[in-house]
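Below are two complexes that have chain A in common, paired first with chain B and then with chain C.
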Partner chain A sequence: MTGKWGVGKLFRRFRRDFSSWSAWTLLLGMIIGIPVFTIAVSLFNGPGQMWGHVTQHLLDDYLINTIFLIIGCSLLTLLFGVSSAWFVSEYDFPGRRHLEWILILPLAIPAYITAYAYKGLFGYLGSIPILSRQAGIPFQGIDLMNLPGLVFVLSLALYPYVYVSTRVAFLRQAGRLKEVSLLMGLKPHQYFFRVALPLARPAIAAGLMLVLMEVLNDYGAAHYYGVNTFTTGIFRSWFSLEDPQTAIYLSAILVTIIFALLWAEKWQRRKKSYSLTAQFSTGNHRIRARGKTKAGIAGIVLIPVLFGFILPLGQLIYWGVITWTRVLDAQFFQMVLHSFGIALISALVTTLAALMLVYMPSWNRLQGIKPFARSATMGYAIPGAIIAIGILIPTLAADKFLIDFMNEYFSINTGLIINGTIAVLVYAYMVRFLTVAYNPVEAASLKIGKHLPESSRLLGSSRPGTLRKIELPLLKTGLVSAVALVFVDVLKELPMTLILKPYQVNTLAVKAYGYASDEMVAEAALPSLCIIVTCAIFIWYLNKLTGT
Partner chain B sequence: MKSIIFFLAIALLAGCKGPSGDSGQKSGEASGGEVTVYTHRHYENDQKIFDRFEDSTGIKVNVVKAHADELIQRMIREGEHSPADVLTTVDAGRLVRARQEGLLQPIQSARLDSIIPSHLRNPKGYWFAFTKRARIIAYSKERVQPDALSTYEALTDERWDDRVLVRSSSHIYNQSLLASIIAHHDGDYARKWADGLVENFARQPRGHDSDQIKAIYADEGDVAIVNTYYLGKMLNSEDPQEVKAAKQVELFFPNQEGRGAHVNVSGAGVAKHAPNKENAKLFLEFLASKPIQENLSSSNYEHPVNPNAELPELLKSWGDFKEDTLQLSRLGELNKKAVMIFDKVGWK
Partner chain C sequence: MNILEVQSLYKSFDAGRTYVLKDIHLSVEEGKIYALIGDSGSGKTTLFRLIAGLEPLDTGTIWIKNKRMSDETRLVPPHERGIGMVFQDLALFPHLTVSRNISFGLADHDDDKVKEMLILIELEGYENRYPHQLSIGQQQRVAIARALVINPEILLLDEPFSNLDETLKQALRGKLLTIANRFDTTMFLITHDVRDALAIAEKGIFLQDGEVIEQGPMDTIFNNPQSGYVRSVKHNLTRSAEHILSKLGG
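Up next, the complex of A and B:
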């Protein structure tokens, strides 16, 4: 590929394959890529003067802890997420219909709030040791404030990512495959390991990717539990060592780790096709569990619900009851409304962008357009605070230009127009959470396969027409999952919101953080409970929507 | 569903006007105007202080709450178009950094100069402290005799092996404490001290200041380095367990024979490009006034900087103490050096 011949061929190929869809994809990707690009450009300023200090004293610790977190959280979230998804989609047992959506609810609790709640539950002064001491059992509590404890708490808060995408995969697996497998003499557990699990692998991997990105982005919980990770290191280099360049270098390593993980996920999927045509699907017939099996299954499924939701929720309710009179005032309702509205708008915008990024690249033949679209979703790998700075730099430059322009030509002092608006915040959420929407939409589109849309095209329908009439209805579950997941993430998001939010807007997460960081963890319970209740209602509604 | 979205969109549009949208809102009032406060303080009571300021002056207070580091980054980026009038932080170090970044402007106020002791403000008026937080030693009433305690330096003695509790070094309170030790001794001594303290740790640093006090109650260690006002908060907590834990410890103000106990501050300065400089000055003077100083110390258990302010009962019960009068700007200057020492001795 050198010389005139290579370039010429490349150019001719580009001319041949380039279409308006390529242009739209490239444009969307570039808009999304602005903050990352800004940060990447600043890498060229070289590492900061603290870089040597960080590599000498801190980097080993960051690497070891981060790798331990990746492995530990992968194992635990897979255990919780896949097992519960399997049992609720394959078996029928009392309470299953409710458990299906209750299993998603731990996502409603911000990971750092779960971490605080667990300190309140199992610490020496925690509710459970005190209750058991009152009952005469000398239980001194469990020390969770260490690396294994962090793995445990993060996994409980994040396993629903695996559960949600895996359950969708299991539910959409062709019923006839199961019939055939069982007729061929496979026992249910053999069917699980030999057929269902391998077929669900892309969905499981997609869910796991989300978990790991959240794990690597976590600051609050790791910081509180005293575990040094890359993310705490980024904050330390930036703010304590006063060296943003070193922070940007640390994030570059973090992003490299994420890319390695993403690549590994792509590699394991390779070129295998996991789509099954709808005609083989006969609907799902759940096995009615009886006797011991029933109790066993209910027990297994209840474990993540109990530890990931009921226990922390109980602790938060207790705190909420003893502090609500202090916390509740007229602003509270307004805050709920703001948080909910911003989250919903961001979720819809982000899902729309994800849908475009999944479909527009497949509508043109331009080489490298798919990896390009995929790479536009990498915002999730980058800590929120850094994305916020990546957005502030260009938007403030744009504002400055506008101010000068208006001053010069119209003699009007406009002040900052772009910054401090909801639009910038929504844009930031879109950049940050695009992966969250992209993965379920992509997984759902892989499930549809190519035959139906191809038939529609052969019958003369346009690509957007096919998308609207054929694929969109089939994508519904994936789209709804996407909206729900982004909604919950936005409602919980903190560092970006703190930096970019408009003055008058106060969100629940900001309020909860304010209390928690001021060592008023109990007071943080009420705003946290509002986040949880809002998300719970949302998740319940969406579940009803997808159920029918 | 559609109607919900529509309703929300309307509510949002009504509720979330940008910063430029509300500048004219209060212009009809007598003294009028507004002041925009960027603050790291997120105490419930602060809102009441803002309300009182609005009531007494008619000046509307816009509040942006975030971590001081993020606020400083934001002000750097906003440059001359920044809407910030006042920057409030919870430590001196960050005020010094904001000053070094050229984000603050000097204020000449005879009132502030007469109320606030000189070591608690920038000599040129770039920033002023409004509350003091002493970083002291909390000890177990059961297991520690107070006469065994003397100075920060003595906490590295062998007798405290496996008994010292303290939060992570990423917190500014610890960074300022070590900076003060560098200032009073030197870098080598400070490193030896930090090293010796790490040797004496009862456990790896974790949690907040109040978690160290709880750890004393749980018998994980016997002495903890904490800020006074956290003990005040715990004693007045809604959570009975926190009250119980706080009652098991007593305060000790170290270095009383020498330089005095280490004191950090919460303070504020007027932004370099403040659009409402006069209002900002009024606001700072308001913060230093006797009733507000009393309000601050009774609601948040911080020590007032105004010597005329009456102390609440709890602070009175802790007694008078000698405070380190090291010029606070030194803490900011030595902050980075302190962080690097923490990393070298493995204080997480």
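Up next, the complex of A and C:
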């Protein structure tokens, strides 16, 4: 049926399906894959000198703490995220419309900044114990600088990932299914456990995976609270023990844990990918809460907002007020400009790369190119510290080669040419946040469908011409979302920036971390507030733009 | 003279495990109106996409005006095939006006050409409207004008009658016949409703499970059906006509 396939015919078919776009896609994929490839190849160099020390004294600690973090943060973020999503999508109560998007705002506060604020709130000399004692209540504060404290703080900072995906799932399933359930005599809580929750499970799991990726990526909060995790271990191995191979081995274990989690999520979802057709979406009819129920629901929904946003923000504003004269100077404004500039450049470069990765694979017919392009967006699952190490190793090697070359042939001592440049930092952000930009661009592109570009092609437009004339104008919302999301993520990013930033350049995140590390946590407030206000504005704008 | 030839065409989307089109042979005469008839999933749209060059084929050959357009190792780009296509969802560019949609395929915006097309589709005065400001019937006519403006040798229409009520269907049939006569274009339309095919097409091609089961002049096929599928279609059509006539008579 398919005829005989000689080598010549196979080659001619390859020529038919391979285009310059295939080459560009492969090239871009390979550039993005450098850090992961480097870590994988470096594993073959064997463990480092300190590996024995790490396995004997530290590895158990890393493993147990990380597992505790995974379980603890999962339970707490599910509790905060799912309950608030359920109440705002099913019940009508005073302030619901505002709470719907205010519940997302803790995402504007990086987890390490929430951690700083909580020390200031509940430590023995913290704001709440002092205010309590002044009011005659003998409250000595709570020691949060430990593993359970870290779980609590990370959960407050990260529950919006679960909240957002779950709320969308609840809103989509509302309508006829609920009407049918209620007609069959189910009470609202029975409908929740027997219909709504099982249907929302894939969305809840997807949100939870994002939480866990962030938990495993966290360096600032864990370091500040003195909890040993894999990420703090990677930093310690590289910078304190000066053993890159041990850092690489720890990275490999952490990546294995992450892929096991991703596999588990995929496995639980294998037959549960429900798609609710439009016929079920008859609009949501919320239950009007009355009396005590109304107060109870509003109280439950306010808890994560109060502890995840209002209290830490209040503490930071207080610190900001008492320290601004010491912190605010010309250097501060320069740092703000640096941060915004780097975030903007990174957001634009990453969105451009995402656009290329969405479109170039569909511009050629080479089999396997689409999964290859999709796999290039796996960076978000890999902690920033690992990506940074995966970039440092080849760039340091390239720098060494260049220094030797210039010395030998031109007798010029150039110093580091590649490392410590903004270009390397922007590249690292692109690798890490590509999927953040890819998802909205891909979603917008799928919404356009294939018939519009095909019509354009039939009418004589080239592929780039079609992209320019037809697709780009229609992709506007997706592109703006992508730029805004990456901008926010870059502004908050800490571990990768700490490792890769140019020596003379400071960012808001690094400055806040620096103050907190130097026991000047109150001074960390102003850079933190800058990040929070900017992120909050972007989150509000994105919420308005996309409706989710 | 045949304008389109398809020989031994096979197409699979799962590396040869199942074929959506099997051993297709077609000869399409220039200037005639053809209907491609078959149930949902019979491979009609895929065949259109292969002819338009939007998909590569697995094996076989597609010739247009004696030029080899597609085979196992060759895929001439869609715009070099002299084909105009109207998609089932029309695919009008939502951010462009009617006038810009129509002139999209022209190298330069040509007001006279656009005006000529607007007169043809009876939408003068609508040039500055956007697609969402038009009724479905008007959108359909804009999509046809956009495909025609590049003077295609073959015009492919994917289910042009599917979203229209009976009055609009009749109007569109008349319009398509006018266009076919005026532009001398070979017209190839997909339909799952054999009544539409009988109303407009001179020749028919019946597709079932990815295979051509009958092809030829519509009257010949219906007067002497060779396959069970066409016999059953004819039977259903006759019964439905008899039922309507008896109602009218009653």
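As a convention for this text, the second predicted complex is superposed on the first by the 356 of 548 C-alpha atoms of A that agree within 3 Å, B and C clash if a C-alpha of one lies under 4 Å from a C-alpha of the other, contacts with A are read in each partner's own complex, and residues count from 1 in each chain.
Here, a residue touches a chain if its C-beta (ideal position, glycine included) is under 8 Å from a C-beta of that chain, and two chains touch if they have at least 3 such contacts.
Values in this document were obtained by computation on a predicted structure and should not be read as measured data.
S.K.: When the two structures are laid over each other on chain A, which of chain B and chain C touches more residues of chain A?
M.R.: B
S.K.: Which of the two partners, first being chain B and second being chain C, lies in contact with A:188: first, second, both, or neither?
M.R.: After superposition on chain A, A:188 lies in contact with neither partner.
S.K.: With the two structures laid over each other on chain A, which partner does A:17 touch: chain B (first), chain C (second), both, or neither?
M.R.: A:17 contacts chain C only, not chain B.
S.K.: Would you sort A:365 into first (chain B), second (chain C), both or neither based on which partner it touches?
M.R.: It touches chain C, and chain B stays clear.
S.K.: Contacts for A:460 in the overlay, against chain B (first) and chain C (second): which applies, first, second, both or neither?
M.R.: second
S.K.: Looking at A:452, would you say it contacts chain B, chain C, both, or neither? Reply first, second, both or neither.
M.R.: In the superposition, A:452 contacts chain C only.
S.K.: Please work out whether A:473 is in contact with chain B alone, chain C alone, both, or neither, and reply first, second, both or neither.
M.R.: A:473 contacts chain C only, not chain B.
S.K.: Tell me which partner A:522 touches in the superposition: chain B (first), chain C (second), both or neither.
M.R.: The first partner, chain B, only.
S.K.: Inside the complex, what are the residues of chain A that reach chain B?
M.R.: Of all residues in chain A, those touching chain B are 53-54, 57-58, 119, 123-125, 130, 140-141, 145-146, 223-226, 228, 232, 235-236, 238-242, 319, 322-323, 326-327, 334, 337-338, 340-342, 344-345, 348, 385, 388-389, 392-393, 396, 399-400, 403, 414-417, 419-422, 495, 498-499, 502-505, 510, 514-515, 517-520, 522-523.
S.K.: Which residues of chain A touch chain C once you look at their complex with the stated criterion?
M.R.: Residue list for chain A touching chain C: 1-3, 9, 12-13, 15-17, 365, 449, 451-452, 454-461, 469-470, 473-474.
S.K.: In the complex formed with chain A, which residues of chain C make contact?
M.R.: 10, 16, 19, 52, 54, 56, 58-59, 72-75, 77-79, 83-85, 87, 89, 91, 93-95, 104-105, 107, 146-147, 150
S.K.: Please output the residues of chain B touching chain A within their complex, sorted ascending.
M.R.: 5, 8-9, 11-12, 15-20, 22-23, 36, 42-44, 62-67, 69-70, 73-74, 77-79, 81, 83, 97, 168, 170, 175, 204-211, 214-215, 217-220, 230, 233, 237-239, 241-242, 244-245, 335-336, 339-340, 343-344, 346, 348
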